[in-house]
Amino acid sequence: MDLITLSIMLLKIIVVFIAMLLGVAYLTWLERKVLGHMQVRYGPMRVGWHGLLQPIADGIKLFFKEDIVVANANKVIYVLAPFVVTVCAFASFAVVPFGNELTIFGQTIPLRIADVNIGILYIFALSSLSVYGLTFAGWSSNNKYALMGGLRASAQMISYELPAGLSIIGVLMLTGSLSMVEIVNAQKDLWFIIKQPLGFILFLICSVAECNRTPFDLPEAESELVAGFHVEYSSMKFALFFLAEYAHMIVMASLVTTLFLGGWHLPFIDISSLHPTTLIGQLVVSLLPICVFGVKVFCFLFFLIWLRATYPRLRYDQLMKFGWKVLFPLALFNIVLTAILQIFNLL
Amino acid sequence: MLSLTIDEREVDVKEGATILEAAEAAGVYVPTFCYHKRLMPFGACRMCVVEVEQMKGRLVPSCSTPATNGMVIHTNTAEVRKARKTLLELLLVHHPLDCPVCDKGGECKLQDLVYEYELTENRFQDSKFGYPVDYYSPLIERNTNRCVLCGMCARVCDEVVGVAAISFVDRGFKTVIGTNFERVLNCEFCGECVNICPVGALTDKLFKYKARSWELKKVNTICSYCSTGCTLTLGIKGNSIYRIIGDDTIGVNKGSLCAKGRFGYQYITSPERMNSPLIKNEAGELVRVTWEEALERAAKGFTEVKEKRGAEHIGGICSDRLTNEEVYLFQKFMRAALGTNNIDHAGGFSYSGLLKGFKSSLGYAANDITLNDVRCADVIFVVRSNLSETHPVIGYQVNMAVKRDESQLIVASDKTIKLNKLAAVSLTHKPGTEIVLLNGLIQAIISENLYDKELVSSSTEGFEQLKAKTARYGFDYVEKITGIKEDKIRETARLLSQNKKVCILVSAGLGIISDDEKLAQAVANLAMLTGMVGRKGSGIGFLGEKCNSQGTLDMGALPHLLPGFEEVSDEKARNAFEEAWKTSIPSQPGQSALEMFEGAEKGSINALYLVGENPVVSYPDTAQTIKALESLDFLVVQDLFLTPTAKCADVVLPAASFAEKSGTYTNFERRVQKLNCGLNKLEGVKTDLEIFGELSLKMGYEMNTSTPDEVMKEIGTLVPLYTEVNYSRLGEEGIVWGSPNGGKETTLYGEKLSKVKARFIPVEVDEAMLEPDKDYPLLLLVGSVLFHSGSLSTKSPELDQVGPGGWVAMSMEDARDYQLTDGQPVFVRSKRGEIALKVKINKKQTKGTVFIPYHFESQPVNTLTSKDLRPTFVEIRKG
Amino acid sequence: MVPIEHYLVLSAVLFFIGVLGVFVRRNAIVIFMCIELMLNSANLAFIAFARHLDSMDGQIFVFFVMTVAAAEAAVGLGIIIALYRNRETVNVDDINLMKW
Amino acid sequence: MAGESSGKKKVVEKEITPEEWGEIDQIIADHRDKPGSLIPVLQQVQDICGFLPEEVQNRIAEGLDVHPSYVYGVITFYSFFTLVPRGRNVVRLCMGTACYVQGTNKMLGKLKQNLGIDVEETTEDMRYSLETVRCLGACGLAPVMVVNQDTHGLLNIDKAIEIVKEYE
Amino acid sequence: MIGSIIKHIWALLCGLRETLWYFLKTTILGKPITLMYPEEKWTPYPRFHGLHKLLRDDNGKEKCVACCLCAAVCPAQCITIETAENENNEKYASSYQIDISRCIFCGYCVEACPVGALLMTGEYELAEYTREGMLYNKERLLRE
Amino acid sequence: MEAILFYGLAAIMVVSSLMVILRKNPVHSALFLVLTFLCLAVLYLLLNAQFIAAIQVIVYAGAIMVLFIFVIMLLNLESEVASKSSHGLQKFWAMAISIVLAISFVSIMTVRVFTGGKGDFSPEAVNAAGNSEVIGRLLFTEFLLPFEITSVLLLAAIIGAIVLAKKKL
């Protein structure tokens, strides 16, 4: 590894990190705005033009709030929990290919932080680790609401990780690899959403559940549990949970995009096959995939918010029943179907 | 007994009871306007109509229909309700619906009944009356527009109070309750009419627009004026009294009150009240200090005198307005903490007759009649007692006894008083000759052989002596001295000795000369002779001037007596107290109040502790009193106000008023009644109890009792008379000590004087001293008046308004002789001093006498009087 | 390149820590965790050998071990919950009856 | 009220002479200490004075040991008693139902006009006083008027005026 | 079975359509129901229970006769009245105070008032910086 | 680099696994065990077993340990009170284990028994084909029978767990 590669690597990490932070910040703004409009309201309007500075104001407010550590909390774990969650959420993005390659000054930079051959497993591993964050946050707060929230969160994530994992088996079967890049490249011609509609729907539902979003936001069901696992958190620790939740949403959106929506590919046009000669042209061709990827991610995020505006929360037993009795068999069915179709070479 | 059925309830009532009384006994509620327990049935309102099965076809007024055996009565049938509803409608035709601004709103009978009978609209319409409202009468406001003509005010004024200041005026639709020529009220202002008025026609001016009745907290407590011991119901909002009413279900007074009791409470909230202890500084000025400093100073002062000169150089005088507990602690403080017997109360005047006279004759310094006995007596003999002014509520009872139950009233008085109107025999004698009159009566009874021979021979001694000594009081002699004719004396003698229930009422402290003791003995002689004492329902009532005159005696605020009338010199009794108090008590009796003042001048008393006493105003010979106070080394005064006496003091301690403390008062009946604390203490004052306790602690003696309750417990263990008395047993009726079961069983002296050995002590007076001087031809009488008693009432502005001070009462004849007119300023002069006053011509005043009330600081009548207990003569000249 | 012996020593240390835990602790769940620790130390040895011998069998074995561990965890925890429900304790000293 | 309404009316001043006072005191002395003697005393006193002014009432009240307001109440209750001097001739017109329908109301108006006084007032020459009463118990003779002690029935307006004029 | 599943899924989609429809409407037409409060004021309904007001009669005299019924009926006990007599011997409230911080705006006081001297206005902007500011005395309640 | 990583991780693992048995609070024990497993996963990566590493995290850290923590929280276990009875036992076993450890150390370090013929799966070969692919192939060819048997085992475990944990069937 030479110095240039290393610095490029670092640069990518920093850019992606900042992009994630900004994305998260404006995702909150977007959510409030979209929710507002769907409910015939304005949403944030006061801070900046149409409330554009609202996330910054919120950030400042959270930063300056009193940091409370509950008296009977298990201090170490209590402090550790938000970091676990945040780290897991942010680290997941490491294997997401958000573009093809950027060729600049003779350097060809792949637009992903790392291409691991077990990329998808990596993401699953991290998302299973983030369960710890939620569980420990709930447990260490020494509050029954928090504990209930934490237990629900971990139970829900474990339950939905299974159908999520199974529903992408189809994709993996079609790709024949666990690498994210491979998966994206396999969709150059046809997105897996077409080949795997059932898988897509299952994964969509599971990803909503994984993000703890409405209608599966039981861990923080405020009408029952006040605020769920993070009820006792304030200030920056709360902000970290908040950050993690929205970062997790972005990761999930990226995952859906990568797995089913063709990643940075445009439909019908093969960007990677274009080889413009001018520098600008090259730049455009390099950056276009990022935009395509971004638009797809945005659509999925919008969809999540849209869901939140539309559906009421499920009951906890319904949620579990749905996960185990509907999604799980359907995912298995999808695998079998895909296998059969693949044997007969129909896909 | 009659038995009848009311609303399906069987009830037995006494013969002669009305249907309404039967209903009350059965617990059936019948609405009324014009009926009141204390009044005769009137039948004016027709609200109490009921249906009687035996009297079908009409509704009968239950208040005036006698019940008969087997009656079946329905009080709440549709027809009855309809009749009552119609009646209410008719009442509301003219009644102004100004309930929002009517002070009766919330406790108005009309309002309640209209509500009860769901009267939402009226079939009848007419214009309202629009009579002018009497805003100008003092204390009472009359709004005849609101009147329902139940007549209770006029009846209570006539039947109970005996004044009849208001009555029905005019007739038909125009009938109103009015005064003579619709003038402003000029009556006793007892407020009984206000209390009884079912609507807002007669209202309390002091209470006017101040608060609504539902906002008031009601606290029952005991009146702090005279010794009747009336129960007051304070109406309290926030921390002030807004009004005082009488509750007709409780207390000895059964709801009756006098002007002082009802309206004389403003001194409690007077801005003149002291709210911080004061200490005399180097420059001789009184400066405000903290309690700590003041008590420290007081303790130091007493200690210095005690150490330098000895405890016998310290004296203490308390008022007989203190509660029993406070008096007890006061004398305990003096005896135990200071170690002196120099204790007295009220200048040694109040009740001294009772104390010395009764104790020597009968063995107890207490009365043995109750107010109920007075009410039920066959004969009431009032001697030197202007009851209707000094003890108005007892006066009401006498009035009712005479008017309703035809008791015979004998009034022996030196001037015409209100009671003379009711008297069967009026003995208007020359001033100061009561004892001669009594001796004459005794002589008449003995000579006519009317006396109770059995009692005299079995339970008394000294009869022969009495007989010998009174022999000279023949009818002629008595007539010569007193001016009472033979036939009247004979009639009186017969009335007194031939009736079963006879009460003699004597007032304390009204004497021209301080002959209370002799008077008491003479009365006791008469009573023993006729067998009154020791007979149920009969006896002598010696009426003290202050609310706790009796209790102060009981608690031993006396130089020679310990609590419970134990002699100081009695070693056994003293030892009991010494043991309980863990200290030693001097065995020598101390000095009395007057001796103490004399001693102060001579130097044998160097420190005084005056509690609630104001000698500069209330003791005879003001000049000498001030001189005595000035020659003291150390003076502590404890009072509500900065009195002239307090101004002389080295340490002044502000005390709490009766409404601000708990405790007990013992009234003239020996009834121990509980004071209930209604108000929080004024900022900066302490109750006398607290002061005694803390001061004692500062002196190094711990009382071990801090609450009135605890003090009473201690009293109960040490004083046999008060063993029965403890707070849990003191209900609203109190406990009469010396009479188990609340006085139901026997009199104080026992049947036929079985409990005591009674002694006849013949008394004589020096008639010569009543002869007027050439230079000072008029005999001076001092005393209390209707609207004032003691200095507290003068601090109530409203009472001052109806009974202002600064006057001298003269007879019409004297006024004519001196060519004086009403209201003319004059100087009254005696050998000792001179004061300026205004003349008030009183037709009832006897010729040759003048009367000056002694309460007012502005007219220090005691500058004229002397301490030698001889009558004072004055002259008057125009100012 | 770390020699395989070091991996094996690490594996052994972990294994014996697990053993010690099983013997020392009285909490059934902790004992259970120690067993997991022992399994993992074995896995480490497998993987190390697989790397050392350029063979895939070790990894396959680990795969199976994990499967067994998962199954064991599910059943074991089920037993502990059942125990706790009946005895209100997970202290193995208190659970000394064969039947209750 | 009574006291106030009398203020509006024309009141003829009349002093009570010392002789009359003497007679009043005599009547009071005769009835003293007899229960229920107030009304006879008032009657006799009114016979002497013609009316019952305040000072007279006070004298009676004092003499009989009753409160002045009680005396005042009794006097105002009975229409026979008057607080103001009455004329020598008292004209009482019945306003009872039978008389009223026979026209005493009009008659009253005419009389008022004729005498120049209102009801319960007295002419300045002290000749007439005009009063109304409720029923005289002579409804058969309606309309009825009583002057002093004489009852006149079956009247009409002119006849009434004629009759009144006959009294000096 | 399949039919019912389809029906349910259709219902879910309908929900999504509805929210999207509102979103588009609000975003494009831009007519949210939100009131931009300090700039735009809300007009209370006629029977809104806002701040109390003491009324005067036609002659400008205050109608309140100080009967204290409002204070008696007030469940929050937030009305304090001190009564006195004026020069015409009439009762009036020498001090009338409503502690608006304790008031629950039930309107019983208005109902209880026998002379119609009390009214509840639409005034709803009652925030204050001090507790004392929440005490409305007679002068403030009598305001026009 | 690799050596530093190994020794560092080894130290962490030893310490944290010691903490597992030393901490009184079972939650802490579980946490340290998770830490041990995560370090182990990194060691697997060092040993070129990426798939196993991922599985280690997903299965051990993500599933099994979560289950443990779940159970601990569900039972709301108190910190363990050291029982006296185990004290003597502890000494005995510590002695026994240290002897066995010492023997194994000596044997491992001195007796170089672990030599043998190299297999076909050199790291280069495996990476070229893909770690997971290699494992997948092996599982479904050579190790098909054990693999299938495992599924039966898992089924049995699922049923067993349900039967045990369910209050009422």
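A, B, C, D, E and F label the chains in the order they appear, each numbered from 1.
Basically, a contact is a pair of C-beta atoms (placed from the backbone, for glycine too) under 8 Å apart; a residue touches a chain by one contact, two chains touch by 3 or more.
Just so it is clear, the structure is predicted and the values come from calculations on it, not from any experiment.
S.K.: Can you tell me the least number of steps between subunit B and subunit D, where a step is a move to a chain it touches?
M.R.: Step count on the best path from subunit B to subunit D: 1.
S.K.: Can you name the chains that touch subunit A as well as subunit F?
M.R.: Touching subunit A as well as subunit F, we find no chain at all.
S.K.: So if I look at the partners of subunit C and the partners of subunit F, which chains show up in both lists?
M.R.: Expected: no chain.
S.K.: Of all the other chains, whose mean CA position lies farthest from subunit F?
M.R.: D
S.K.: Which chains share more C-beta contacts than any other pair?
M.R.: C-F
S.K.: Could you grab the centroid distance between subunit B and subunit F? Build each centroid from C-alpha atoms only and quote it in angstrom.
M.R.: The separation of the two C-alpha centroids amounts to 101 Å.
S.K.: With chain centres taken as the means of their Cα atoms, state the distance from subunit D to subunit E in Å.
M.R.: Roughly 67 Å separates the two chain centres.
S.K.: Whole-Å distance, subunit A centre to subunit B centre, using C-alpha means?
M.R.: 94
S.K.: On a C-alpha centroid basis, what's the spacing between subunit D and subunit F, in Å?
M.R.: 130
S.K.: So which stretches of subunit F touch two or more other chains?
M.R.: Expected reply: 51, 55, 63, 74.
S.K.: List, in ascending order, every residue of subunit D touching at least 2 other chains.
M.R.: In subunit D, nothing touches at least two other chains.
S.K.: Just say which it is for the chain contacts: an open line, a closed ring, a star, complete, or other.
M.R.: line
S.K.: Chain pairs in touch?
M.R.: Listed by label, chains in contact pair as A-E, A-F, B-D, B-E, C-F.
S.K.: Which stretch or stretches of subunit D touch subunit B in the complex?
M.R.: 1-4, 54, 57, 65-73, 76-79
S.K.: Okay, in this complex, where on subunit A does subunit F touch?
M.R.: 74, 77, 116-118, 121-122, 124-126, 128-129, 131-132, 135-136, 139, 147, 150-151, 154-155, 158, 161, 176-178
S.K.: Under the stated contact criterion, what part of subunit E meets subunit A in this complex?
M.R.: 12, 15-16, 18-20, 22-23, 25-27, 31-34, 36
S.K.: Can you tell me which positions in subunit B touch subunit E when the two form their complex?
M.R.: Where subunit B meets subunit E, its residues are 99-101, 105, 133, 135, 208-212, 214-215.
S.K.: List the residues on subunit F that touch subunit A in their complex, please.
M.R.: Listed in rising order, the residues of subunit F that touch subunit A are 27, 31, 34, 50-51, 54-55, 57-58, 61-63, 66, 69-70, 73-74, 130-133.
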